[in-house]
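First chain written, first letter: the chains are A, B, C and D, and each begins at residue 1.
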């Protein structure tokens, strides 16, 4: 049932984006996390930062209106919001490492119940793709992870301990999967909200550690 | 004979300035060292750097034409040469500490024959005035010192070992006094050039360690 | 980007909530970049037991503009961290020095480049670094050093602050700043090192988007409160008369 | 400031003296700031046993622009230091990866922020620093860490380079640079870390004094050689066609 049941990609991004508070500085990883910037979160004023030093980027540029020297961390030609600023790479990671990022949203292969996560290296791979992930993971005030709940062969990506090389330890604030919204606790995952069409038992069967469930468990609000 | 015989202040500065090579980046300390920028050194192109982040400043501003937000390290309202750039304080000391300053010229209370010098704290003083001196001393490619050869009570400022707290150790390239131009060696000072009106014996009598003398000792050329 | 909420109508308002015991960094090297108006407001506000950071505590020039030394004289200061506790010229005596000599106020004397780098490190999430500066001097006595590639270096720690008081030429409503010439000095790095940055601004504050993003010196993410400097005499400016009347020695 | 002598008439001339065994840093994050023309010239120049530093070794996009991977394929590279030896998406295989997997070329994988800070440190005379990044990961295994204020940090060393190849929008004759938007990325810090910085410039080079000193992104003291990028097809530009034809994944 990987990806076919529960939330779609944009809905996962939407749910995470609704955590953002007015005035936050947010860094979005490549892939699904990027879709958080599509979410309508009312009058909330978010400053999006990308690793290459763009503070305050906006929507993807319309075709024919791209500035080829202006990209986000995913290499997309983006626009700038009024009040944007550009800094060099050391200053950009000064923003990150200095704790000035309120939230980062990243994809992952695995998240552990102790808040570790893995997203840079597959099993048996020599080397990997770290990019800015380790800096963001270690230093952002909140680390939100969006990932598929289970692997292609059906095993959980929400695990008691990562068996892939981790990106950082004990940092994950919140996890969104197709099935729900979870907080890593020391002993398992706490289901804060459930996706439409899923049951707690279905989720428990594919979640590492103990699954605890929020009182009066709410369903994730879905639009579209 | 302190200051009355030999070179005057501008002549000491001139002699040091004639060491500057085309293309050098130079930092001048407060006081006599600042006068190096008055010296006509032909077609030589020098970039003057000051601690507060001005790269490429020029002459002191004419009265009535001062920009009050533009000062050199001595707080004088200066002008900018074409091609100047301004950076912040951490970047400015990045220029210094990163070894990008070809020469710094500073005043001092004492210089030792091993290339130590002292210029930030008097005997018995609590605290002192360090400013950028320790960074410049430790990191510039060449440290040129201009100082009076003797103290008011007649003892030498060119000593075997500093008895004042040092600014840095083993860094002094060249020393200019009213009496001559000296290189610190391990065992004493090497007199490279002598000021008009002085004799080697007069200098030897007021110089710490062994005084060695350059073959075919030249007199310092003096204009004005 | 959060609009407008950063604007404050007065210096008094901008510093009103600063508690006793705060650590505050002041921009400025000689006159340029010194937040005279915010210092004055802090004197009126009266917070005590402060730790103050700046290049100097202020010089001997007359007429005197607000400086760290005045806050010391005002009995508000427990400690200063700066590159000068005495003047460069031994014959000159700083107003601050007697408070330090008597032990009334503590001081930590830091080489200027190390001071700048410690502030930058605090803002950039570097808890400690090595520097060649001050190795072999009294300042390194009893402290940790390390030999790297055959050279000895001194370990220095980041210097985070609660508040930064800075002065800039231009600001937009989201707090992006531009400095004019050597006004820049410590401003950008202190802003990154502070929990709360308060900037006094020379020119009328402009709309977000008025400063080209390539030309921003300090991003608004580091700037929390803006106060426009009013015309003299209400606002303090370094007038030509004042500039001429002094001999600034850094 | 030394005038005019920094201008080079061709990319070939600008890279002619680079010896075998050099360490070279390449600016660029995705397309912006990548010195395509200098990379191409280095391929033609043929220096070998190079250590190359960049954010990535180049992606899988077509048509391919000059990248570190091409220098690897050209047999010129002993080692790369970068933040990606594999693509972010496991399904994508970088041209570089097979050379690394076979052991033909060595690689040092460095978190992007640590890479940036190591370059900045080299330029700023900081031989080593501590960072929270990568603590508790495979990259920290067997390496020195230190607990500061209760948190564990990893010791990282400066990364000086012999040459930096960068691309900027504007330059004046003394080598002051301005970058356009995210073209800036690694350019300014690599310039400070290099013994010799070579910059390819989009726009016609202007006279010294044409760039306001407050608006210089990289001071000319860090820039040694300038080459104006000629119009296509002689000069390589990231054209819209090329930009559209790719999916860049950093």
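We adopt the following convention: a residue touches a chain if its C-beta (ideal position, glycine included) is under 8 Å from a C-beta of that chain, and two chains touch if they have at least 3 such contacts.
Quick caveat, the model's predicted, so the values are computed rather than measured.
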Those chains which touch chain C and also touch chain A: D
Greatest separation from chain A - chain, by CA centre: B
Rounded Å distance between chain A and chain D, as computed from the means of their C-alpha atoms: 28
Interchain centroid distance [CA atoms averaged], chain C/chain D, Å: 34
Chain A-chain B separation of Cα centroids, rounded to whole Å: 56
Multi-partner residues of chain D (each touching 2 or more other chains): 117, 120, 124-126, 131-132, 179-181, 184, 213-214, 217
Overlap residues in chain A, where contacts from two or more other chains coincide: 80, 86-87, 90, 93, 96-97, 139
Interchain contacts, given as pairs of chains that touch: A-C, A-D, B-C, B-D, C-D
List of chain D residues in touch with chain B within their complex: 1-3, 120, 122-126, 172-174, 176, 192, 207-209, 213-214, 216, 219-222
Residues of chain D touching chain A in the complex: 29-33, 55, 83-88, 90, 97, 100-101, 107, 109-114, 116-117, 119-120, 131-139, 169, 179-189, 217, 238-240, 243, 246-250
Residue ranges of chain A in contact with chain C within the complex: 22-23, 25, 45, 47, 49, 55-56, 80-87, 90-91, 93-100, 139
Chain B residues touching chain C - in the complex, by the definition given at the top: 30-31, 50-54, 66-71, 73-75, 77, 80, 86-90, 92-93, 96-97, 116, 121-122, 125-135, 138-139, 165-170
Chain D-touching residues of chain C, taken from the complex the two chains share: 117, 121, 124-132, 146, 148-149, 151, 153, 157, 178-181, 184, 213-215, 217
